[in-house]
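In the two complexes below, chain A is the common chain; its partner is chain B in one and chain C in the other.
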Partner chain A sequence: MNAKANKNQLTSIEPAYYEAVTEAIRKEAVKILKEDTVVGVVGYLPGRRKGTATPALVTSVEEAEKLVFSPACVNNLSVYLTKAKKGVLKQGKVGIVAKGCDMRALAGLMTESQLQREDLFIIGVVCPGVYGFGVERTGTLTEANIARKCRECIVHMPEGADVAAGTHAELADLTPEEAEEMARIEAMPQAERWAFWKEHFSRCIRCMACRQVCPFCYCEQCLCDKNRPQAVESSPRPAGNMAWHLVRAMHLAGRCGGCAECERVCPMDIPLNLLNRRMAKELKELYDYEAGLAPVEKGPLNQYKEDDDQSFIK
Partner chain B sequence: MSRIGVFVCHCGENISRTVDVEQVAKAAGEIPGVAYSCDYKYMCSDPGQTLLKKAVAEHKLDGVLVAACSPRMHEKTFRKAAESAGLNPYLCEMANIREHCSWVHEDREMATEKATGIVKLMVERVRKGKSLAPITVPVTKRALVIGGGIAGIQAALDIADAGHRVVLVERDPSIGGHMAQLSETFPTLDCSQCIMTPKMVDVANHPNITLYTYAEIEKVDGYIGNFQVTVKHKARSVDESKCTGCGVCMTKCPKKKIPNEFDQGHGMRPAIYVPFPQAVPNTPVIDRENCTMFQSGKCGVCAKVCGPGAVDYEQTDSFTVEDVGAIVVATGFKLYTIDRKPEDSPIQGYGEFGYGTIPDVIDGMTFERLASASGPTGGKILRPSDGKEPKQVVFIQCVGSRAREKGISYCSKVCCMYTAKHTMLYHHKVHDGQAYVFFMDARTPGKGYDEFWRRAVEEEEAVYIRGMVSRMYQKGDKIVVMGSDIQVGVQVEIEADLVVLATAVQAQDGADLLAQKLGISYDKYNFYSEAHAKLKPVECATAGIYLAGACQGPKDIPDTVSQASAAAAKVMTLFAKDQLERDPVVAKVNEKYCVGCFACKKVCAYGAIEEKEIRDRQGNLVKKVAYVNPGVCGGCGTCQATCPSKSIELDGYTDEQIMAMIEAL
Partner chain C sequence: MHDFEPKIVAFVCTWCTYAGADLAGTSRMQYPPNVRVLKFPCTGRIDPVFILRAFQKGADGVLVSGCHPGDCHYMAGNFHARRRFAAFRALLDFIGVDLNRLQFSWVSAAEGGKWVEVVTDLTERVRTMGPMPEFKELEHEELWSTFAEATAGKSTGLNITGDRSQVLNTPELKEAYDSIS
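Moving on, here comes the complex of A and B:
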């Protein structure tokens, strides 16, 4: 029986798969640290509570042997290269553990001159999915506890990594919750849709967690923090909230790789990834473009072609 | 508090007819920070400007707003007036209440309200405006001309005659281009080579012209006044400094049966050759594809017979970097090949005409070679298949051109005239022959052109049939041409001995690639775009690059020469100053907040944005940021709109100004 047929029958991913991936990551991380290929590896260490994982930069072989990979490894680590641990790249080449969605962010950051491929050693993870939130986050990964974004993942196998950890594994027959939700919202009359988002945005407390966690929000000063002239009101009031979320969605159009970290960290449960996906859909329909599948010279929104769709000009 | 003066113009009655200008001036006077306001019949007139200057002095104005016509019309006028009154000219702005208001509205009350609104927001722009100083950049007074056809030759000669040095780069082994291939030229029927070759010799002998043939543009860096152009010199296999042009190599070359490109493949040439006898330079080139020495390593005859030892089989491509201040692009055209659909092209072929399969269906340029005294038949009209004199010749116009369904919708402009010329040349050479022309309509604007066409029809007995040809096929040694005469409303069938197709004029192969190197724009047919169709017809949107000839669009020789001289004049204007002054409305990067995503660089149409390294005192790289070269920036504002962190601002259109304008409404 071939791998594809096998895959179609998987209804759960057992912890053993993640253990095998963990082994592969440790082996590779130890190797590149020993050989001095890299100055450190950005990966996951076990969290303080059982079954959790926390992002970490490991710089020694001893630490590297503690790296893990599990369905609790939800964070997009690319953010640690451009924001959280910005200095580390200046010291030399860095290793990074990347799931498919992290890989899309890395490719996007390369497109935008924020990262250079030669500065990275990418340990790609063949990822069957991670836990969602508000679900049982231990043990076997199943339809019941997999994250929404993972249900329609197209990048289980990260493209463009230096090495891959793990073999093909994918859950079969997952309900595409996000696509269904998007279809539901798209089917709403305009006024109802407007009300839907207005309600969501009115709850925003402007904690800016979505901005902090997003790999593409790497500006040193966000235009939304500018006050002379002020483009977006900074206090959490409906008009300013609406402006902020529109700016966020527009700025991510053609760039967002769909890691859905913004939605995961939102304390007010605003379905931000729906907006990201809607923009991605526009890009796909208008330009047949999907962000981050590989580094490109120019995205479609940064160039003009004579055959570009112009039907939006009325 | 600012002290702004607002001057509302009546523009005769152009504005005052629909806008209550007195009311606008009164309302402007009530805006906080406006120290003076008035209205006047013609602000641009001498008394109007004096009024403005006096008011600046009397009311100690620190900003001026003229509510009148479009800034395109009179911004310079009023900025000059403001400057002479002691203000920085960039503190003078215009509110367009004519094109944007009075001309497009009828309701006086509402138009007045709108005009007042426009004035209000423009006052805010003046208030937030900053003094700007013109940008100066040095100018290298040396020009590059790309393309050695008549356009390039004319431009190069004009610039060189003005005393400036010129580098002329030609892709082929000789200059001359298409004009050197022509037999006689309309509307005077003078010999093309007779008027062309002296100019070619002038180029070769001119002390100010450096001629590079068999060379191409590899890379273009820099900006107006300061371009660095890398020229690739293709391996000629003959040392130009040693060759005397005696031609022995060509006569001794054992491989002589290679179709000659200059004769459209109808004459033969050896593997070591000059394209035509009057070639400039008269230095042969080895066609390595067809040379036995290069293909099998055995021969070497040309090297043996060459007295000065100029033949060099080891020669490789070489590169030079040329510093120039201006570039004239004169890369010309090619003719549409219609036999088949080119790959990856939206253009559909004309398989139904049998071009490429029926030997006696030829294109216009081939007919030129047949009619030319220097051509493969010595100027006799003999058809390619059997060398017989054709007694019935059918000419078909608009092949490719004006055929949207085939992929080209433009008119090639020269075909009506050259087909009329062909019928005459044919009539002069074959007295008992008959020429037929299938045409849509004859387009003959130009001095002496319509007279010329009428002469072909009325005196030279060409039969013009209005209609198109649907099919052609070989029948014995004849070509049956089936078409329609739509004026009479009948089907026409002619048994022709020769068919000549007036194929469309197209942009040169690789025109798009060259444009990308130069950073100039081109249309969907790969013709280069001028900066303004009417007012800047020879300038590119990219400063310092000018267009001449058919690379911009189909053109005849007079138009090409005129444009070449115009481009040369533009180059001379540029070279007239040592320092170049540019409008300071350019983008500036806030390096503190720029994160170096270079989205701006990707969208910049002018190639004005560079990557700049910011280093600390120890020389460690802190970050890379965008840098806008003010000499190149066109001030379009695309980078400002693209920058995600709003770290780029366009002087004169800053975010602060725009936001203040919005808030004023």
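Moving on, here comes the complex of A and C:
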């Protein structure tokens, strides 16, 4: 966390850095697979198109030698332990490549007893950032193509990983676009805020990608799929959309680590991470809690203090 | 034209506030008949989605009321509810809902007078604010109205035909797209 003090004044992260990280990941993955420490490693393989990467579960040494890390490694892999590859943990210890934001998700899932630390071998990545949406993927990460969430990243160093790949690297002087946008919305008159979100939510097609990609939406049955009684209308109409996004934000309050995967996968470009950020900010102000920095016993909404603020209650 | 009569939905806990409201009734205290009381085992049982649902179904104001801190029949339900509603209020505020329409209170079984006061205050406040249109309008809106506006070229933030750069995020995709169209 002393990143600010010795902050490198970098304006771009060259491909060489990512190659070094790739090398370190491969070495570690091969080692733990050879030693039978783990049954598999969740990481990234090169995508079929140039400049992309795809999440993968590798189980052999040959495959592990193909693992990569690049700014195209945008996915939060922790979802592959709770939902996408649910059975894998039952077979034994699993290795996982984790950026700072993935680490936050893993810590949150450990907090909620969805994962056990001893079941995981975490290959942490010192991640300078990943690509944003709609940018030129040149192989070099610059201020022009870095993702919005990475501009305000506080977890470049993967705290609590078994090994860390890469050295400290961080772009200098990034404008905090997301914080500025949030401040802009907060400063709006109330009716304008409503209009802003109404417009965004009315675009929602309820594809539920935000739910499917979220490491914390692991409920066997989602409240929003229930229809007896129906809490949230399931068709993509404005009323149900508004309810769905409010329920989503509320259910992630105090849990979301800010990986912004929901926003990345949203086909309609709804700024979902702003809602998550707003809730995180509130819980930090009220209860001095930041989600996912380390596994804790209970989240802020699962505990209480007798002298919690109740100025809003009559 | 009738004067506006607000619809108030009150989510109350059965052990304290419901008994408090009962006391107000048996003591023959007068309070506005605008309030619809819904009884729950505990404020900890009241999900924020109930409040949303109430607004969507036509409530102009919502009251959530339960036991004073420390008096919960289930030991800590109201403490948990207090944190949850503090967070929920922040969310509603960020979305642009007027928090004056949402009231939280602690009313014990002995506080019939306080129940009357809370309900009267909220009802009168909402009466001066007028009906709550936001959520009700959403109920009657269809998504295609947005699309109709978008295709008519009005500003909705949705630009399907114009800027493709948001969708085509790699040079290869752009190239592929251009070769089709």
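Heads up, the rule we're going with is that the second predicted complex is superposed on the first by the 305 of 314 C-alpha atoms of A that agree within 3 Å, B and C clash if a C-alpha of one lies under 4 Å from a C-alpha of the other, contacts with A are read in each partner's own complex, and residues count from 1 in each chain.
What we mean here is this: contacts are C-beta pairs under 8 Å (C-beta built on N, C-alpha and C of every residue); 3 or more make two chains touch, one makes a residue touch a chain.
No experiment lies behind these values; they were computed from the predicted model shown.
*Asks:* Put the two structures on top of each other at chain A: do chain B and chain C fit, or clash?
*Replies:* clash
*Asks:* Going by the contact rule set out at the top, does A:K298 touch chain B (first), chain C (second), both, or neither?
*Replies:* A:K298 sits against chain B, while chain C stays out of touch.
*Asks:* In the overlay, work out which of chain B or chain C sits against more residues of chain A.
*Replies:* Looking at chain B versus chain C, the one contacting more residues of chain A is C.
*Asks:* Have a look at where A:C219 lands relative to chain B and chain C in the superposition and call it first, second, both or neither.
*Replies:* first
*Asks:* First (chain B), second (chain C), both or neither: which does A:E306 touch?
*Replies:* Both chain B and chain C are touched by A:E306.
*Asks:* Which holds for A:R278: it touches chain B only (first), chain C only (second), both, or neither?
*Replies:* The answer is second: A:R278 touches chain C but not chain B.
*Asks:* Report for A:Q114: first if it touches chain B alone, second if chain C alone, otherwise both or neither.
*Replies:* first
*Asks:* So, does A:A231 touch the first partner chain B, the second partner chain C, both, or neither?
*Replies:* both
*Asks:* Quick one: classify A:E192 as touching chain B (first), chain C (second), both or neither.
*Replies:* A:E192: touches chain C, not chain B.
*Asks:* Identify which of the listed stretches of chain B (99-107, 495-503, 549-557 or 567-575) has C-alpha atoms clashing with chain C after the superposition.
*Replies:* Here chain B runs into chain C along 99-107, and the other listed stretches stay clear.
*Asks:* Where on chain A do the contacts from chain B and from chain C line up?
*Replies:* On chain A, the residues that contact chain B in one structure and chain C in the other are 223, 231, 302, 306.
*Asks:* Please output the residues of chain A touching chain B within their complex, sorted ascending.
*Replies:* Answer in residue numbers: 90, 112-114, 218-223, 226, 228-231, 251, 297-298, 302-303, 306.
*Asks:* Over in the complex, which chain B residues touch chain A? Could you list them?
*Replies:* So the residues of chain B in touch with chain A come to 524, 592-593, 595-599, 602-603, 620-621, 624, 642, 644-647, 655-656, 659-660.
*Asks:* Can you tell me which positions in chain C touch chain A when the two form their complex?
*Replies:* These residues of chain C touch chain A: 47-49, 52-53, 56, 69-70, 76, 79-80, 82-99, 103-106, 118, 121, 134-135, 138-139, 141-143, 146, 156-158, 165-173.
*Asks:* Hey, which residues of chain A end up touching chain C in the complex?
*Replies:* For chain A paired with chain C, touching residues are 49-52, 133-137, 185-186, 188, 190-200, 202-203, 223, 231-232, 236-239, 241-243, 246-247, 249-250, 253-254, 268-269, 275, 278-279, 282-283, 286-287, 300-302, 304-306, 308-310, 312-314.
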